[in-house]
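Presented sequentially are two complexes of subunit A, the first with subunit B as partner and the second with subunit C.
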Partner chain A sequence: MIHFILLISRHGKIRCSKYFSTYSNKEREKLQKEIKGLTIGRNSKLCNFLEYKEMILVAKRYASLYFVLGQDKEENELISLEVLQFFVEILDKYFKNVCELDIIFNFHKAYYLLDEMLVAGHIIETSKKQILRVIANQDEIMEDALVETETRSS
Partner chain B sequence: MFGCDASFAYIHAINSINCGNVVCKGVGYLTCALCLPSESPLLILLVANLQKDLQSTNYLEVSSALTALSKLVNIGFLHAFSDQIIKLLSHGVEIIRKKAIIVLNRFMKLNPSLIQDFSNHFRRTLCDIYDTVMAVTLNSFAQILSDENQLPIYKDLISSFVVILKQIIDHRHHRHFDYHRMHRPWLQTKLLEILGILGENDKRASEQMYEILSEVMRRADDTGVNAGYAIVYQCLKTITKIYPNQTIIENAAHLVSRLLTAEKKNLKHTGITGLISIVKINPIYAIKHQLVVVDCLEDSDDTLKRKTLTLLYKMTNTTNVTVIIDKFTGIIKSASFDIHFKQEIDGKITELAEKFAPDSKWYIQTMNTMFEVASELIKPNIVNGLIKLIEEWREDDDIIEFTVTEYSKILQMNENIPDCPMQVAPWVIGEFSEYLQSESIGSIMDLLCKSLFKSFDDPTTKGWIFTALQKISKGVPSDQCRDLISRFSTSRNEDLQQRCYELAGTCTKLPIQLNFKRNFNIITNFKFLESYEQ
Partner chain C sequence: MSKSATDVIKGLRKGKIDRTAFLTTVYSEIREEVKSSDLVIKTNAIRKLFILALEGYDMEWASFHILEVMSSDKFSQKHSGLLAASQCFKPNSDILFLATNFFRRELVGNNTIDTCISINTLSCIVNADMSKELLNDCVTLLNASKPILRKKVCILFYKLFLQYPDGLIACFERLAEKLRDESPGVVMGTVNTIYELSRINPSFVLFTAQALYEILNTTTNNFVIIKLIKLFIELVKVEPRLLKKISIPFTRILTSNPAKSVEFEVIMAICVLFHDSDDMLRIILQKLPGFLDSHDPNLKYLGLVILHKLIQINIEYAEEYKIFIMEALQSKDVTIRLRALELIKITTTSKSLVETIKNLLIEVEKPTNAGIKEELISSCLYLLSFNQYELVEDFKWMFEVLLQIVNFKTEIHEAQLSSIMLDVVLRVEELREDACELSLNTLEIFDTLKSEKCEALTALIFIIGEFSSYFNEENLGRALSLVTKPRWELLNFHESVYNALSSCVFKIFIRAKEDRIFDACVKKLQENSVQIEHMESQERSLLYLNILTTADKEKLNFVLKPFLPIHPSAQNFIFPPDALQQNFIVNDDELFTTKSDGTIEYYYYREEDFGDIPMTDQEKKVAKQNIKDKQMQDPYYIKPKKGKKKKGKKSKKLEEKVEEIKENPDIIKDEEAKKPPSPKKYSVNRAEPLIPT
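Moving on, here comes the complex of A and B:
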């Protein structure tokens, strides 16, 4: 299974982090620090797979963000690389030409998208159309609810 | 999120879940799932809310509750939710069904005894009309099957899995599952993984799979897209796991050659991994690719180097063991890898040396090099293992002489000897001191005495040295011994004190030189104690 996904900026700031296994706060900090050291500045010609403790890290850089995923050793690394690619494509379709700023200002949307795609470390939906449809519905309902509270308060 | 502690806000997040507004609820659940630590007592506050939301008519609320539940649940309160989740497996909205399956998955992971209860539900959801639900069920099966006891129960599903795989490669599912010209790659890899588990060591089961495996490999290979290679890699893994068949192994080997000669590093890495699994079946395939393997070893990429070293480890046999161990020792000496990896290599070297050593002398030399180069990485049971081995060679004069000479050389040459050799060397010299030349005995005793004043990590090392001195001096009290006795009889270490007094005892009480003879008659018959039995 996938243990975590991290989105790290080029300067080492974590933009998005989702853990599917239990890690205490201290462990998370240590993990993030070590992974930052391993992935930032890595030559793009090298392999996308790194061995870290008893996991394999799959890391790929898209524009200014490093997408890092930690998986079990027995999993198929190449398909996990595709998970990252898929996530980026979904973000791109949702935000229309996504960039790092979109993720910074709409991080909750990024998390909602991730939640539709990956739950408990497994990929549950592989159709972009489906995921975007669900999120669009969700957005609609949320908009309606927001408008309602606004009209009620005014 | 930005690294600041936000624990003051947890209670607000929980409060917002309580709020009727679905926006607040969603945000509240999201925050809780991301931030609350797994053993937090605040989770208890959530249980009632979660139960209420799981029964809600608004599917979004159910959905966010399920997502939060998958992360937050711990073994303490999962039973509070099992029944509700099972009911949700037949919910009208497919998203809910999907998420319910995954939550059950998580419950199973936390509490493996629930597998029996849930497996029937999973068999039903496998036949769900909505095929994504079916896809998600496969994850559960992969997890159930990781427990070997469950395997025989599910062998009947092999044919259904093969049928589903056939449907996929015929592009029968909806077009929006196409991903970079590959149809449902994740589903394909999952099915292949499960087939691999089911076919392991089972000829009849594997026979059902050969045809579909070749077909999947052929279709995926044509594309040249990364997802295609991922499927091909999974096929390789499955093929090498199930009961072997000559044609299909040939296909796999052919694929591995193509991957190894690819330009991209990822594919080379996959190729080496594939080669590792094939070599287990038949080492011949590795010989063809020797050049490529050597190239990968010298590569600048760390991950590739590590994988190639694992390959070398798997490929070792009596003919190439010396070369491979030299390579490994070189790696330990170099500074480029982290300590975990060096420890792993260290373990591998000792294992290989023991299994494939061409002769005993080489083994002793290799172990000594290891002590020299990687002293802090050595596990403590190595010392005992080594001593046992040398004990077995007691009858062979030639080897013993060689061993004694080697260890006396180590003592004489090196200034700072680490713990492990410092335990083995005195023992060897003490046991077999008759093999030493008489002139060097004096100098060896001097060295041993001097080393008693150095500091060691392991407190028992000095004990080893003491016993050795005892054996060498053979009861003849020398000035050095008297000096040592007076120094160490008041040592803080009781073990050392004890040995000191023993040394004093043998030195002073016996008028003649002792001759140590190994004469163990192991008593197995305790008849003489019978009178004490009640």
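Moving on, here comes the complex of A and C:
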């Protein structure tokens, strides 16, 4: 299974962190620090897989963001790379040419998208259309609520 | 006007502002706002807190507030609350006691979207208690009309079963039915859960094999195919007959599926399951260059992984692919180098050992390999000591290599290194002379060999001491002057080094037996016994000093005979002397005292204690009876219980006693008066000689 996904900026800021296994706050901090050291600045000509403790890290840089995923040793590395690619593509479709700024200001949307894609560390939906439809639905409801509060307050 | 989450983000991105001050201000604002009863303000505060959590601030103190926001009717607030919860609640959080009801309401509620987002969060935070409570509601959801709900709940079951395995037995069949669900997402979720369960207990999920086989033949989703391949590997472990059945779909997938990920997965599966099938292996060997020759470093890495498995099946492949392995070791990519190292470990033969070790040691010295230095050295040690040194042909060369590694000064390997050195010198007689000389050379620069535990140094000192008989005149002199240098004390080594030095000095004299050496040794030991800080070392020096200076020189001959190593079980053939028999009484005071009138009074009664004391049977009987009487009266003696006491039933005696005391409180005073004086505490006289003179 996938243990966590981290989106790290070029300067080492964590833009998004999702944990599917239990890690205490201290463990998370340590993990994030170590992984920052391992992945940032890594030459993109090298392979995307890194051995880290009992896990394998799958890290790929997209523009200014490093997408890092921690998986069990038994998992298929190429498929995890696919998962990252899929995530980026969904973000791209949703935000229309996504860039790091979108994720900075709309991090919650990134989490919601991730939730539709991965649950309990496993991928459960492989159709971009489906996921985007669900999120659009959620957005609509939120919009309605917003309009409602505005009309109420005015 | 309170800041919105976006304001906080913008604020953090402003270049000139002091981040820490800004964050602290926001944090204190949040602490105030979160207490508000207005859910809008509360939610806003939680959203801002989430941003701060990404900066490293703690969110757990707001757990209760998060729960309140989660329970809101408004979707946006609920969503934000659930997001915060999934990030900061942990399975061992206390808040989860309160959250269970909330989740139950969500799971049975009519609103699909609410239920979905609740399941998302639940999968991150569920613990054993919650699993137990919510299991039944989840089972109901398996039959929900919306496929998205069914899909999510199927994968949620994995987490539920992890936390609450007892629930597995009740619900698993219902879950397995979902394998035939019409929606592919539901099937995927179910397959995932079943795969994870099969890793823990494959026989339990075996009955789903038929359905899984059908899915394997029909699905086009690569994610599912890969999971199924992994699943079948687990299932074959408990049902070997499946092997024949799956060979057909596996071969089909291997030849037709274009995706490299699937190809890799099925190749690995075949290596594990079908390693005797020549046809399958032939196809794999055809596919292998597609990985190894690829420009894509990921595929290269995977190619090496496949190669590893292949070589484990049949060592002959190693020869063909040797070039790849050597190339990989020189690769710029650390991961690939590590894989290459693993391969080297399994492909080295006794012929190629020298060359391999030479290459590895060259690699260790390269600065680019600083990160994997430890792995390189472990590989060297592994190869040298593999299967009791099976690969080594020239032990002198091996010892030189070991000394070279000592100079690399890796602390992690010191223990292993020193044990290999000692082991090989002790076992290989022919090596001893050379080993002594080489150790002596290395020890000349002992200043540089200091480390935390100094195991390597200790080992070298031991070698030159133990085998000093192999030294010629000149070297013996060298050795002696080396170990008697005053510099040893100054450098403050680990205790074991000084212990080894004292023993070494002693042994050198024993081997040499010359007078001038004797004086030097005695002088050194005298110094050691005073100057070195460690108690143990001082004591040893004194011990050796005493032996050298006080004992009859003739008696020293018994020390001259070398001790040979013996097998651990040989100890059993040596019977302990009489004095160490079981009924050896260390201190008579524990058992009895001799009263003023000459009679012996016993405190404890043990059959074996009477072994050494000369008594007639009659006396024994009387003594035992005395002891038993004393025990009955002794309030501190715990009497052995006859028969099992039933649980839960208080002893009637105790109840009666309590009643008695309630009626007549004076009983307690009487009881106290009746108690005999407490038994004498035995004294231990440690200065008493063990063997009485």
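Here is the rule we go by: the second predicted complex is superposed on the first by the 154 of 154 C-alpha atoms of A that agree within 3 Å, B and C clash if a C-alpha of one lies under 4 Å from a C-alpha of the other, contacts with A are read in each partner's own complex, and residues count from 1 in each chain.
By our rule, contacts are C-beta pairs under 8 Å (C-beta built on N, C-alpha and C of every residue); 3 or more make two chains touch, one makes a residue touch a chain.
Just so it is clear, the structure is predicted and the values come from calculations on it, not from any experiment.
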{"item": "Touching partner for A:Lys129 - first (subunit B), second (subunit C), both, neither", "value": "first"}
{"item": "Partner chain in contact with A:Arg61 - subunit B first, subunit C second, else both or neither", "value": "neither"}
{"item": "Subunit B versus subunit C as contact partner of A:His3, first or second or both or neither", "value": "neither"}
{"item": "Subunit B versus subunit C as contact partner of A:Glu82, first or second or both or neither", "value": "both"}
{"item": "Touching partner for A:Ile104 - first (subunit B), second (subunit C), both, neither", "value": "second"}
{"item": "Which of subunit B and subunit C A:Lys93 touches, first, second, both or neither", "value": "neither"}
{"item": "Subunit B and subunit C footprints on subunit A, overlapping residues", "value": "14, 17, 19-20, 22, 24-25, 29, 45-51, 76-79, 81-82, 107-108, 111-112, 115, 119-120, 122-127, 130, 134, 137-138, 141-142, 145-146, 149"}
{"item": "Subunit A-touching residues of subunit B, taken from the complex the two chains share", "value": "1-3, 5, 21-23, 26-27, 30, 34, 37-38, 58, 60, 66-67, 70-71, 95, 98-99, 102-103, 105-106, 132, 135-136, 139, 174, 176-177, 179, 184-187, 189, 193, 226-227, 229-231, 233-234, 237, 265-266, 268-270, 300-304, 306, 340-341"}
{"item": "Subunit A partner contacts - residues on subunit C that touch it in the complex", "value": "6, 9, 13, 40, 47, 50-51, 54, 56, 58, 60, 74-76, 79-80, 83, 87, 90-92, 113, 116-117, 119-120, 123-124, 148, 151-152, 155-156, 158-159, 185, 188-189, 192, 196, 199, 221-223, 226, 230, 260-261, 264-265, 297-298, 300-302, 332-336, 338"}
{"item": "Residues of subunit A that touch subunit B when the two form their complex", "value": "13-14, 17-20, 22, 24-25, 29, 45-51, 53, 76-79, 81-83, 85-86, 107-108, 111-112, 115-116, 119-120, 122-130, 134, 137-138, 141-142, 145-146, 149"}
{"item": "Footprint of subunit C on subunit A - complex, ascending", "value": "1, 14-17, 19-20, 22, 24-25, 29, 43, 45-51, 74, 76-79, 81-82, 104-105, 107-108, 111-112, 115, 119-120, 122-127, 130, 134, 137-138, 141-142, 145-146, 149"}
